[in-house]
Amino acid sequence: MDKIQLESFLKTIASGVEIKEGKQYLEVTVPSSSLHQLAKSLKEKEESKFDFLFCLTGVDYGTELGVIYHLRSTSYDHTVVLKTRTADRENPILDSVCDIWETAEFHEREVFDLLGIKFKNHPDLRRLFLDNSWGFPLRKDYVDDINIVTK
Amino acid sequence: MLPEIVALNTSPTLSVPWWKVVYDFSALTDWIDKSLHNSMSPFWTTITEMLIIGVLILLFYALVGLFLVYAERKVCAFMQNRLGPNRVGPFGIFQTIADLFKLLFKELIPIKNADGFLFNLAPFIVIIASFMAIAAIPFAKGLHAIDLNIGVLYVMAVSAMGVIGVLLAGWSSNNKYSLIGAMRSGAQIVSYELSVGLSLITIVILAGSMQLSVIVEAQRDGWFLFKGHISAFIAFIIFLISSTAETNRGPFDLAEAESELTAGYHTEYSGIKFAFFFLAEYINMFIVASIAATVFLGGWMPFHVGSWEGFNHIMDFIPPFVWYIGKTFFVIFLMMWFKWTFPRLRIDQLLTLEWKYLLPINLFNVLIMAFLVLMGWHF
Amino acid sequence: MRSIIEYFKEIIFGVWSLLKGMKVTGSYFFRPSTIVTQKYPSNRNDLVMFDRFKGEVIMPHDENNEHKCTGCGICELNCPNGTIEIISQTIVTEEGKKKKAIDKHIYRLSMCTFCGLCVKACPSNALAFGQKFEHAVFNRALLIKQLNKPGSKLKKGVE
Amino acid sequence: MEEKEITNLTDEHQEYVINMGPQHPSTHGVLRLKVSLKGEIVKSIEPHIGYIHSGIEKMCESITYPQIIHLTDRMDYISAHINNEAVCLNVEKALEIDIPDRIKVIRTIMSELTRIQSHQLWWACFGMDLGGLTCFFYGLRDREKILDIFEETCGGRMIVSYNCPGGLMYDIHPNFQKRVKDFIKYFRKILPEYDQLLTGNVIFHERSKGIGTLTKEDAISFGVTGPTGRASGFSCDVRKHEPYSAYDRVQFKEILFDEGDTFHRYLARIDEMWESMKIIEQLIDNIPEGPFAVKMKPIIKLPEGEYYQRVETARGELGVFVISDGNKNPYRVKFRSPNFSNLSVLNHIAKGFKIADLVAIGGSLDLIIPDIDR
């Protein structure tokens, strides 16, 4: 499917999503509550078959924290970008997609480690690179007076 | 009082010209024996002779160890398209001596929670086992520390004792890798001992004796490898494979398996204790190679071809000791060649190779050999 | 019967494949002329590095002890990890004008990643890569280098 | 001393837990695997990573785009050139710059050389993992020839830093074409030797066939890409699916196998070396004339937006995801590194095999630890 077909397809299976045509891929902003359900149907629906989660990025937008999922279908070679955000910076919780794509297990651990976003239903949510005493270094408000030198 | 003085005055002389000693050492040993008898009582003579032999074997042991380590490095370097040691001395020949000094001066690191007594005992067991085996090997005509009538059996039995040291080393180190390595080594040696034994039995059938000197003497008119043709050849191949496995070398170095178990059973050893394991490995290789040379390739017997008198005469001119060393090093070179070519087997494949391939073939081979001997179909 | 044939076939193919491997190593053993090892410390005198080899950043000086560095600071800006530090001074030119010029071009070899951005960005081609690669020293302070030689001055005609 | 209660031992208590790494000969770096064993059988593997975490993504947020390139060199240091190319392509795509053919062709040749040398190193290390130490030296000997080509043209051997946004740092060296051709001629002779030494070897067959089988579905679900994924039948070659640089004008085959075991992961890489040589041969005589770099503004600012660039490194799909807010520094950079996903599959495929197989499987995944930790 090309972008237009994908867009119309997405409108049929999801409500409350904001679809934007990005520079490269179709970008879909999803409320965090309906993310897991949409992801599941994107994987399982015969028309879309997004079976390959090739990138999972955590982003700190300043006030909000977000996660960006890059999905591709290996059978149709089309790509879509899912985005979700949470405004809670103290205790951000999103749904895990580990049960849909197994690669998400490591990627979500990475996001948890570096941005502090917790994932519900993740089988083994521990820090991946750093130990527990570290803050969350990819957040924009992270301070480290010793290791970060600004000129 | 008087006769003794007379005896001293007529001190014994060599029965042959001194340069002929290299062809038959028994003249030299007889002369030493007689000279000692002249000066001391039989008891002290025996003690002195044992001491001399002990010192000589120790010296030989150290020299062979040093040389083999150097040879292995050079051989593997050339096979791997590099130069190998070339810094200490010309062509790096003093490299192993430098390494020896390094190992001597290194700290012996005590291991916490290790079983101290067994931990220290293990390297000695390994090295004593290889030390004892060397005694029964005929190096040249008349150069033979002890000529047991069950020589083959003795060498096999004694050289297999080393595994106790390996097991102890692995167990007492209190290291999980070491324990796995030791257990592997145990399983490996218990199974491969069978093949070594059976392939030697094949030749014992042909020779009709277990005495190593008799076996060598029986090969005067042709090596057993050629005399027993197919059967002996199969036995030789199996002996090569299983003895490589028995020395924990080459594609069978599962007990060390550096890419899996870091260094296996000697992970925790340092300094001279590590050097003992290291040395024992090379001496074991030397021992199995000399057995292969003795049993299959005629020991110190020169290479003779049927009725070519002139050729045989030239071959006789080369001293037996050189023949022995040459054959041994040929076998050692083969074993090094194996080691530096093949990837390592897995433990279950190692046992499969033994129980499913080597052992049945070997048993069958013993039968064939018995049949050949019975029918007189050997040369 | 078939399984017996298979059994022996397996053995023969196995041994054949092993012999092929031994042929490779054996052939190298008897061809020492193919050895590629370089005896590094002893071939040091005739060791020639490639002319683009990035050993260190240097500032070429000509025979009059003149360099081309104007002290503009572009290399300092381009350096990703603060390897270069430029200490400039104000000098009075022959015409009596006040002008910014280089005092010290500090180069911290220990921090340099040899990305080449400073050399590429330099507008007056004052920097270059040197071929020296033996940088080991006993004191870390020795790795902080001053690229412009003492007493050197800006080449005429370089702005 | 009172004897401890030893009843009620569960399976978990009887597990024999060993730490492979962070310093272990077969983990090729500071990867730590916590392996639970029962006898020699692996029950579970838990990778512990982060020993060489260098915060590259955080560092990228405070430096400019040309400066990011030298950091990507240090991620997957064996295929440094391809990493550089990914960032450059992303920046060029964002700025909508047309890249002259000469640059594209040179980049492709360099990428393929990088791929060959990476696979050579992998072959060397894989042979060593299996206990064939000689492989290591043969692999490194031949890799040296490519590193010499790199050194002559780029000035660096592993850490090349040869790309920059808008082109290349310098033009190719005058000797470049001759040297590459010599190398291809040489390596076409040498590669069959690799086969004789290892590929055909019966011990190697025993060690690798049927070991660590990864199905296509699992490969996709775990995001396993590169030769590892293609050995399982997952067609994931970015060079074919989303051609970049000059890959759209060369003929080559995407190596695909269905078996997905260690042996076919091995074969996939060996065959890729042949394909890479084919690609280089098609391009090396046809390098078009032209500039080696496009004139860029001194300060590169990407327009606001999100940019994603996929490239095929020697280990799989590398994604560079840049979120720009219009400044000279990126707002967020994410490197989707192939090894990170490939590592996650290790527990899944190595469970139930022996510890020696774990080493073989780990070797066949071809992990580079700094790329995992970033």
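Per-chain numbering from 1; labels A, B, C and D assigned in written order.
Basically, contacts are C-beta pairs under 8 Å (C-beta built on N, C-alpha and C of every residue); 3 or more make two chains touch, one makes a residue touch a chain.
As the structure is a computational prediction, the values presented were derived from the model and not from experiment.
Centroid distances from subunit D, each centroid being the mean of CA atoms, peak for B. A straight line joining the Cα centres of subunit B and subunit D is 46 Å long.
Mean C-alpha positions place subunit A and subunit B at a centre distance of 66 Å. Mean C-alpha positions place subunit A and subunit D at a centre distance of 25 Å.
Shared interface positions of subunit C, i.e. residues touching 2 or more other chains, are given as 18, 21, 24-25, 36. Counting partner chains per residue, subunit B has residues 79-82, 340-342 touching two or more of them. Residues of subunit A in contact with at least two other chains: none.
Listed by chain label, the pairs that touch are A-D, B-C, B-D, C-D.
In the complex of the two chains, the subunit D residues touching subunit B come out as 16, 18, 24-26, 40, 127-138, 141, 197-198, 201, 203-204, 206-207, 354-357, 359. Residues of subunit B touching subunit C in their complex: 75, 78-83, 86, 337-338, 340-342, 357.
Across the complex, subunit D is touched by residues 22-25, 27, 51-55, 57, 59-60, 68, 70, 74, 77, 81, 101-103, 105-107, 110, 114, 128-130, 137-138, 150 of subunit A.
The touching residues of subunit C, when paired with subunit D in their complex, are 13-14, 17-18, 20-21, 23-25, 36, 50, 52-54, 78, 80, 113-117, 120-121, 129. In the complex of the two chains, the subunit B residues touching subunit D come out as 76, 79-82, 176-177, 180, 251, 253-254, 257-260, 262, 340-349.
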